[in-house]
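Chain IDs A, B, C, D, E and F follow the sequence of writing; residue 1 opens each chain.
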Amino acid sequence: MPLIQISQTPGLTDEQKAAVIAEVTRAYAKASGKSESAVWVTVTDIPREAWGVGGVPLSQG
Amino acid sequence: MPLIQISQTPGLTDEQKAAVIAEVTRAYAKASGKSESAVWVTVTDIPREAWGVGGVPLSQG
Amino acid sequence: MPLIQISQTPGLTDEQKAAVIAEVTRAYAKASGKSESAVWVTVTDIPREAWGVGGVPLSQG
Amino acid sequence: MPLIQISQTPGLTDEQKAAVIAEVTRAYAKASGKSESAVWVTVTDIPREAWGVGGVPLSQG
Amino acid sequence: MPLIQISQTPGLTDEQKAAVIAEVTRAYAKASGKSESAVWVTVTDIPREAWGVGGVPLSQG
Amino acid sequence: MPLIQISQTPGLTDEQKAAVIAEVTRAYAKASGKSESAVWVTVTDIPREAWGVGGVPLSQG
């Protein structure tokens, strides 16, 4: 049942996203004691123009 | 006030999304006793490469 | 794979939440053509003091 | 640490999104007493066909 | 239609949450040119033990 | 900048949540090549009565 929703800036290839999904799932299962098979992971890219830190878009940081 | 955020893999047409919005709104209102008019529904497509189950992207499943 | 995250104001009993889960799952499957078995639904209660519409908390509306 | 996730219909330019990020960050910091520097804001566009109010997509409203 | 979901660590009073809702709604409307009346804001408290930065919970930072 | 929002059923201790935060952060950084220091992780517990799979709450499964 665990749901892991990842938001990040663009740039990872599909292979890297597959690695993120595999590694994060394994790490969560190991630390929580829950089964890997029940874990969902989604990865969403958010453009740097649409992600602000301290009031400034990352595209301008 | 109810907010229903749907995440799914791509593939539904706009007409199917309209049907999902209408049916899910009606079902929620019926089961909760709340008014349909106040319900918001958003539908977000997440690519199969970016959605993992059990550590494996749906695109590789 | 579909994920349906519902946010609402408190007040539904566990029985009503079970009805919301069942009805919304069925409605989504019917409208999308996808299988009910793969649908996840979460229901989160957000206090009326913490939900604003038009700049005013529902608790003050 | 505050996280502010904004979902909206498309139409804002990158400049307007930058203004939203700056103004919302400042407003949150002022009202909460927290530091602007720790605030994250993300802005996600959701197509009008995929956003329903009262069971009807905004594209048909 | 804009939806603003705020996640923060606990500590704000209901009055401060009301101020956050009002100020953030006003700031968003001003910067985006959209109407305040259509803006939804939710404020969710996440315990410091359940919020990690750089791999460490805020409660241990 | 990466944001990792985890939703799970209740049951983990604060120590286990700290381990989840550390392990998931490390796994994400390793697989993505990004810095651990910029990663935020939130962990939200959702009651089994409020989490449905295939139309049935986990509390009844």
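In this section, contacts are C-beta pairs under 8 Å (C-beta built on N, C-alpha and C of every residue); 3 or more make two chains touch, one makes a residue touch a chain.
Labels paired with UniProt names: A, B, C, D, E, F = 4-oxalocrotonate tautomerase-like domain-containing protein.
Computed from a predicted structure; not experimentally measured.
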item	value
Minimal step count in the chain contact network, chain D to chain E	1
Interchain contact steps from chain B to chain C (minimum; 1 if touching)	1
Centre-to-centre distance between chain D and chain A (centres being mean Cα positions), rounded to whole Å	20
Between chain A and chain F, centroid-to-centroid distance (C-alpha), Å	11
In chain F, residues with contacts to at least two other chains	1, 3, 7, 22, 26, 40, 42, 51, 53
Chain contact graph, described as a line, ring, star, complete graph or other shape	other
All touching chain pairs, where touch follows the definition stated at the start	A-B, A-C, A-D, A-F, B-C, B-D, B-E, C-E, C-F, D-E, D-F, E-F
Complex interface listing, chain B residues touching chain A	7, 46, 49-57, 59-60
Chain F partner contacts - residues on chain A that touch it in the complex	1-9, 12, 16, 19-20, 22-24, 26-28, 30-34, 51, 53, 58
Chain F residues touching chain E - in the complex, by the definition given at the top	14, 17-18, 21-22, 25-26, 36-45
Interfacial residue positions of chain D with respect to chain F in the complex	1, 3, 40, 42
